[in-house]
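Letters are used for the chains, namely A, B and C, taken in the order the chains are written, and counting of residues starts over at 1 for each.
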Amino acid sequence: QSSVTVFGVLDVGARSLKGVSSIKYLHKDGVSSSRLGFRGVEDLGGGLKAGFHIEGALGSDDGSGGTWQRRSTVSLMGGFGEVRLGHQKVAARTIVDDFDAFGTTGIADVSRLYTLTGTSRDWEINRTSNQVSYFLPSMGGIYGNVDASAGEGTNAANKMISGRIGFKSGGLHLSAATGNQGVSAKLKTTTLAGSYAFGSATVYAMHTQNKQAGMATNKINSLGLAYSMGAGKLQGSFAKATGGSKLIAAGYDYSLSKRTGIYAQVARTDNSAGKRFGLGGASGATAPAAGGDSTGYSVGVRHSF
Amino acid sequence: QSSVTVFGVLDVGARSLKGVSSIKYLHKDGVSSSRLGFRGVEDLGGGLKAGFHIEGALGSDDGSGGTWQRRSTVSLMGGFGEVRLGHQKVAARTIVDDFDAFGTTGIADVSRLYTLTGTSRDWEINRTSNQVSYFLPSMGGIYGNVDASAGEGTNAANKMISGRIGFKSGGLHLSAATGNQGVSAKLKTTTLAGSYAFGSATVYAMHTQNKQAGMATNKINSLGLAYSMGAGKLQGSFAKATGGSKLIAAGYDYSLSKRTGIYAQVARTDNSAGKRFGLGGASGATAPAAGGDSTGYSVGVRHSF
Amino acid sequence: QSSVTVFGVLDVGARSLKGVSSIKYLHKDGVSSSRLGFRGVEDLGGGLKAGFHIEGALGSDDGSGGTWQRRSTVSLMGGFGEVRLGHQKVAARTIVDDFDAFGTTGIADVSRLYTLTGTSRDWEINRTSNQVSYFLPSMGGIYGNVDASAGEGTNAANKMISGRIGFKSGGLHLSAATGNQGVSAKLKTTTLAGSYAFGSATVYAMHTQNKQAGMATNKINSLGLAYSMGAGKLQGSFAKATGGSKLIAAGYDYSLSKRTGIYAQVARTDNSAGKRFGLGGASGATAPAAGGDSTGYSVGVRHSF
């Protein structure tokens, strides 16, 4: 047997969402997305390594599952960096995950403000198939990667090119990323972000600009805070989109161990005229009315293995 | 790597069913349901534990699979008992599994007599999503749990509440459970059951009452026997539903090891006027005619890992 | 925990296919089919063993997956040989895999010449469900197996019977297999094949005859070569179908370790009048025109775990 790690997350909790109408339900992604995966690294000698990573969504609330569409990649790694092939998140999205205090997961997911229409989730730069990626080797705190995905003739929406660069040193973390996806109705996104950790606190700031021909550009600014108190962590975020729509969120996560914790969150969107930005998990009637508000609560347990 | 157990069952055999017409085929659930799963327990210290259990059906005969809809749960366990969240069997069903000599699996599955119409499998209390369960801590042989599932606004058939209590001491095992599921056409089920093990034999007795507004109540009584002879085990059961429809079954299971065995079973339903209760695996033309009989045979191999 | 091996392959690369029109895309099966599986063997004592094998296709390029339809079997093994039940490749197909220099995988897959119409992939003898197989015990280089699959009344295309016998000694390997599948439009296939390894080279020769009532018989002859040079392996094949359509292919595979390698391949079909045999992965417009040619290139990385 070669060395294979079986890993996963089960995050289950209760969520209440109130938009035009309200709903209470069990969710599978309070502070982390439930998943099942397999991964491994092989030392090829001479500084060269090969690795694989297979990871799929897991319906911890309803038992759904079956695909490996969170990530499915094979890598060659060495002094030159890493070449990675397969299906995964693109650079223009990983930066948003990293600088959102809530990791774009759960009710407080900042990417909910990222759409251009302000209604459905049209901001589609997230994961792509048929991806070829190159990651720089670690160089004194500088990191970076470029990703390109083929449309393969029949899937124009998958065609994507993206890049990210960053710098991490002491408590400071700075990063910039850009990407565009699609063919005729190409979506372009650019993000600049930074965070600073001092003592028990980390503060986050991020600016993203999303553009598509024929649509109004959406610029989103967000601030975040994480504050550790023993096994507990307080989190807060505030974000504002073009036009004035806002997302404000607070959360508390208490670790029972390195792998297990409990959490509670509250979040609210407050929309500018005509916009209907909702909270993570909202769709249809649980989204706010045009120009209206939505409020959400979430409590649950997360367990990693 | 945290400690993850990969487990499963492959049960494959040949089955013959004769109702209105007959069929011979390979099945995936002779005496146990084929499955694949992952589970683990983490010690959190201070008597507290966290655990997860993911388990899905496996088509050992045709390679089907992909979901984790046998069970998908995360648990916190301690002196207070266990709180379990996710998708799993409900209390009102686990009692029937435990006191059917054939574990509600294969051709002799007693739950085939549990429907209200006596035709299709309308008795739907089995597994539910969005479940919150609480299990009592072990207290001198007494055990119990309560389960509640949310309909989540859009899935009324998933709305369920159920509870079970039991007592196990020496060879004696007694249990009672009740549950109801649905919203307008709510299905109510109540079961009282007991078993007694003496020497190499265990005898089972169970009474279940299934009700739904506007339909005739179905009361099912069953008796079962398991008798060990070295590595072999003889099993038999007899069950009778309201109106007089009967299920009679016999089986022999021979263990080649703790994990592997071979088996043979024969079962028959004999229906009262108008009823069409069939055997496990029967549907359509392999079900009996109204008031008619059906006969089934099954031989196969089971292997757990 | 019983001993379970988690295993798999991620093979990802870039492929170019040119038929009527051309396409460039990432694939998941350059020299080996991407997959995920679980397997184990249990010693039952007295020379008897039980084993299971679950294996499903993995979309290393797009994250697809979820079923175990490459293989899903349980086995009892002993001095008598092996009885295997479930879903797997049939004898009449495993011989083609073994004597095609490219293992019927990737652009050079010889089975692309095996269809009767010369258009779509109508040659369906590959894997079947509901299979009962018996494998001879090893007897001085002689091996063999017979497979039978039930149509189960509703799936006539699954009804199959097949057998294979072979002899392996020193560098010599000879094998013959036959099978038929279906009910009314039964497809019959017979293959005779041999290979000889001397020094760093192995040569392959194979003859297959595919028949179906009302269609012209297709006889395919193929020759193959594998030549090892240190960690590298050169491969070549040439095949010709009834009517004169040809497939010619060359490849180079370089092992970075026992489990990881990189490869490059080129292949071409050259069709006789009216035929449209395409390369592995081709469909629709990437298939050649009637009587036309198609060319393909593939480079990639393979990683097993």
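Here, contacts are C-beta pairs under 8 Å (C-beta built on N, C-alpha and C of every residue); 3 or more make two chains touch, one makes a residue touch a chain.
Just so it is clear, the model here is predicted, and its values are computed rather than measured.
Q: Please report how far chain B has to rotate so that its Cα atoms sit on those of chain C, a copy of the same sequence, as a value between 0 and 180° in steps of 5.
A: Fitting chain B to chain C on C-alpha positions yields an angle of 120 degrees.
Q: Shared numbers divided by all numbers used: is that above or below half for chain A and chain C, i.e. same or different?
A: Copies use mostly different positions to touch.
Q: Taking each chain's centre as the mean position of its Cα atoms, how many Å separate chain A from chain C?
A: Going by mean C-alpha positions, chain A sits 40 Å from chain C.
Q: Pull out every residue in chain C that's touching 2 or more other chains.
A: 6, 65-67
Q: Could you list, by residue number, the parts of chain B that touch chain A in their complex?
A: Listed in rising order, the residues of chain B that touch chain A are 1-4, 6, 38, 40, 42, 44-45, 48, 50-52, 54, 56, 65-74, 76, 85-87, 127, 129-132, 150, 152-153.
Q: What part of chain B is in contact with chain C in the complex they form?
A: Chain B reaches chain C through residues 5-8, 10-14, 23-26, 36, 58-67, 256-257, 259-260, 300-301, 303-305.
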